[in-house]
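Chain nomenclature is as follows: A, B, C and D, assigned in order of appearance, with residue numbering initiated at 1 for each chain independently.
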């Protein structure tokens, strides 16, 4: 068969490096299909582009819409063993309807009615909560009740048992972030049920984890090991707010510390390693001063941002999102992002950056 | 609207934790769709199973079939800029036709005709080659020509320029392993063209990298940094074979060293860190002594195995594969694997284990 | 010559493994001396004992005595370029008059008169200050003025420029801790003069370093690298006190966290790594509840302790020290320590533990 | 008392920063002595010099002298429990007669008569052997007999049981290197006796450790942990020689790899970490091509060098040592070293560099 194809004609004139269509080629391709094979040369443009071309798309979800639907789910959908949580996830329009904000990140609004409980379970997927408004729920992580209040960032590391209970007469909603898509795609998810209800229904202002760990630069001598996830169950807004205010004040005095002029940012970190709070997720709080436009920045890896306070605009690739409190938007891998604000803007952000850094696949480009 | 649903009836009797179907619920679900939202409670069984339930399936590909198709491609398909490589990839039957052996791993047969070249390029995807038979090709990695011979394991770390040239009058085929699926899903792939041909067409027995680095326990003093990928361009079969033989001899003498009785295994490692050869991939050579059946083992993460010498059987989940030289099979995440051989069997294996270890998501279970 | 010594008589009956004294042996030993050689067999008992037998001795220094002498030095001794600091060091009675608290650690009282300055310099020796009483001095570290107040722990990492200025009308004294003996013995000390006076004579309540770094679990996003020394210039007493109080409260409630019942302890740590504040020194604050006696503990490596508040007793080896505010005592390597208090006792401690941990030479024994 | 000293006269005109001599000052100094205190201002010049000024001095010991004395000790001194080893240590002329080659390093000639044994013991001090000539002894490390031959570098990590036995009819001498001075000064030495004789008196060509570990870039899969010391019991001369020859050949071909033109060097390394073979000691082999003079280099930390083959000259500070086989010389901290050879020179080197790197106190200066 080889003799009927001239080497000279192997490559089509307008597609160098590719074969000339022919019945023999068709037969070869059918052979590939039969044997569950796919050639590189037909796929390389999509498989190995010159730079990341993610399937995920930039998109914004409006908090008021989420909240209204979550309230309605509060009426119609119970919370209990089986469904486990009244959580409603962002489904990126580029990802075929899967409940994935990005290929790695899950972002959902979770909603509890007054006096309602969510049953105890655990999973290897890492999780956190961020509270854009409201209070009254305690998330109980490995038997330690952790109050949830506006601006707080709360951790549920992989394989920690956890349930929630709403101690108040008001419903409460918050943002859940998990690495569910990554765990699902890669196949590392385990799940286990715990008791129907949390055992410790007390409602302390501070969790035990905070009492042990949330002192700046101080570690309990009894706990000397490096932990894969941060032991600080709750990062309180008062500290985050103060750190951001300090950075902007230093900036105004002419000292370093901010990311760029007018743009302060703190990273929630693991005090036992200095690294990210969770092995798969990074979380940060950003404050952009009134009248500031940030540099344009693109990164390998994807992020979800939530407007926490103030107003402003995010330009993500070719899209522009005007932001109000609670609005969530997604920045896919290598899509440029620029934020600007007239009146000042606080933003929560989480990303999969630790995955890329650990795999030596991270890359950042700052500039126009 | 909330008033028309009694709290008592919220949960269907046979699906605790799930809502009762109703027109109101349908409307809620339509609201979710419209806002690009997906509820957790309808998806949790698939999204967060009790243990990994990978989409990828166990499967075997026969080397003789691959080789025959690759030879035919050698007749019909050129190698040149654009298509880049005459590589034909395993497409896992559970992954919808994508050229993915597993959700993270690419495995392909690559084929070069006599005196043929593959053009120079580089990409952030990490790559290696493993030679099940043949010789005569040099892969030129960052201008260092590396001979390819049966049993050799050869590295092309991410972002290293590389091309190949066949110096002989025989065609040559080998196994390519890359992290293309992981890079594609997560979005970390960059690609860049180099020259059409490799600059250094010499054909040394040993590469410069080996001359500097492939001495046991010895590092050049001039190169003190830890590198993310191994600087050993080629792990030669003579060393691998000797290490496996030594392990089995120690086992026979009653000393430790083997994985289990009759089962020797070496891991290709990075001499600057002791870790895996590549940030995203692990590679090992296994030797199972005649008359041995291994323990059943399941791991988080997926593997591709290739029979290198001898014969035997692999039981992967509920499938049984009788193996001949060059046959490739896939073990998806958490699917149990057991190998047995009457006459002795050497196997090459690569996996995504470093990804899970770096993300603290690794888990192993050995037993019946 | 060998013929005149019978092999049978080589070993003295009562000193097995040792040679029989003889003129030939004397001549051999003279040969050793002449060639600058020393045999192992005559020295091994001292050189390689069954467990550490440090030359340093347990000892206590009384703060009131130190302070009185420091005040007198304030009258008689200037502070300026050349002498550099009015610091008076503990000289362990076992170390031959050298100004070494232990073989690795320097501990000194430093004293500044009202409105007095100490000139700027830097050295590779790592340093910290701990304030047992008083205030009014700012130590200016790399141009960042850091207030010193009772209970504060302040860092001057190796090679940071630093000077002090007393802004008040009162003298001030504090404890200096450095790794001077280690640097001197091992030969790693470099020293460089800076300006005669600190450039920034402002007197802020918080240093810039604290404003950037002393927020619990929060890092500035602009500062992502791991640093060998902590960037927190000052660990304030209010945080240390709260952390100790929290630990004892958790203990009283039946929760873990303390070192042992009634004994709370926090370690000053590097938020960029979770490790010790300085590469060569560990620092901790201990609080022993009224009526508590700690377990007896021995560690490889040496410590200096300073009573900060309350009263109590330290049993160090065979010595017993009754402690009052500011008293300093030394625990040499592998000497057992036990602390007890009727009324409650707060203690500052620093040690060379990081040296041993980094060299894999650490060992701890807790028990009677 | 303060009133009788005028502030103006505090500083002597010719010693700024130092006090004026006076009876009151004398009394103060007597007070310091009584309280076991030493002022910084009188000691700072020695304690904190501008750069390291080690007490240890450059010195050379002639192997022929060592060997002659060791042979004589072979006649007069037994080897047995108590004295433990017939080892004779270099005593640096600057270190007051202590058996310390440098403040951290012990270097000794050890000598065993034909058919003689050295009893089993272990200690936390780390040890190695280097063989400049001879063979016939097996050192048995944790029951694994390790042959000793010319050019071999052999490890006895801290706390490994070890004894030796001479299987031949010839005496054998070699170089022992340990961190005894460091362990003694810092107080981390533990020592324990084992059996009088080694249990396994076999004499294999390769140790079990080598069979498991001395394959380039290959690790046994069963041994995945990082170890503080290298598991390679013996680094054989054939590998070291080949690695050095390869480096010089690459140099001659115009490729990188050597330390500097004409100067090849390999570091014995831990394959589980890429780091040094022992936590406290670095070991290297250097080959200087005929007609080469190295750059002048100074490092923080001290080294011992032994000429292995060829001839040459070492300039250490202001001393010049002409070297013959086996000669040992010492380079104290920060003393410059330059080596030159007309005919080619191979040198073994060991140092305390890991100590300084782990404590972030390392510094190197290369140049005239």
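As a convention for this text, a residue touches a chain if its C-beta (ideal position, glycine included) is under 8 Å from a C-beta of that chain, and two chains touch if they have at least 3 such contacts.
Note that the coordinates shown come from a computational prediction; the quantities given were computed from them, not determined experimentally.
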item: Chains in simultaneous contact with subunit A and subunit C; value: none
item: Relative to subunit D, chain with the most remote C-alpha centre; value: A
item: Between subunit B and subunit D, centroid-to-centroid distance (C-alpha), Å; value: 44
item: Distance from subunit C to subunit B - Cα centre to Cα centre, in angstrom; value: 51
item: Inter-centroid spacing, subunit B versus subunit A (mean Cα positions, whole Å); value: 28
item: Contacts with 2+ other chains: residues of subunit B; value: none
item: Chain contact topology (line, ring, star, complete or other); value: ring
item: Pairwise chain contacts, counting only pairs that touch as defined; value: A-B, A-C, B-D, C-D
item: Residue ranges of subunit B touching subunit A (in the complex, touch as defined); value: 1-2, 5, 10-11, 15-19, 22, 24-25, 28, 31-32, 35-41, 43-44, 47-54, 56, 59, 61-62, 65-66, 69, 72-93, 97-99, 103-104, 108, 119, 123-125, 158, 180, 183-192, 228-229, 279-280, 300-302, 332-334, 352, 354-356, 358-363
item: In the complex with subunit D, residue positions of subunit B that touch it; value: 208, 211-224, 226, 230, 232, 235, 239-240, 242-243, 246-247, 249-250, 255-259, 265-274, 277, 284, 286
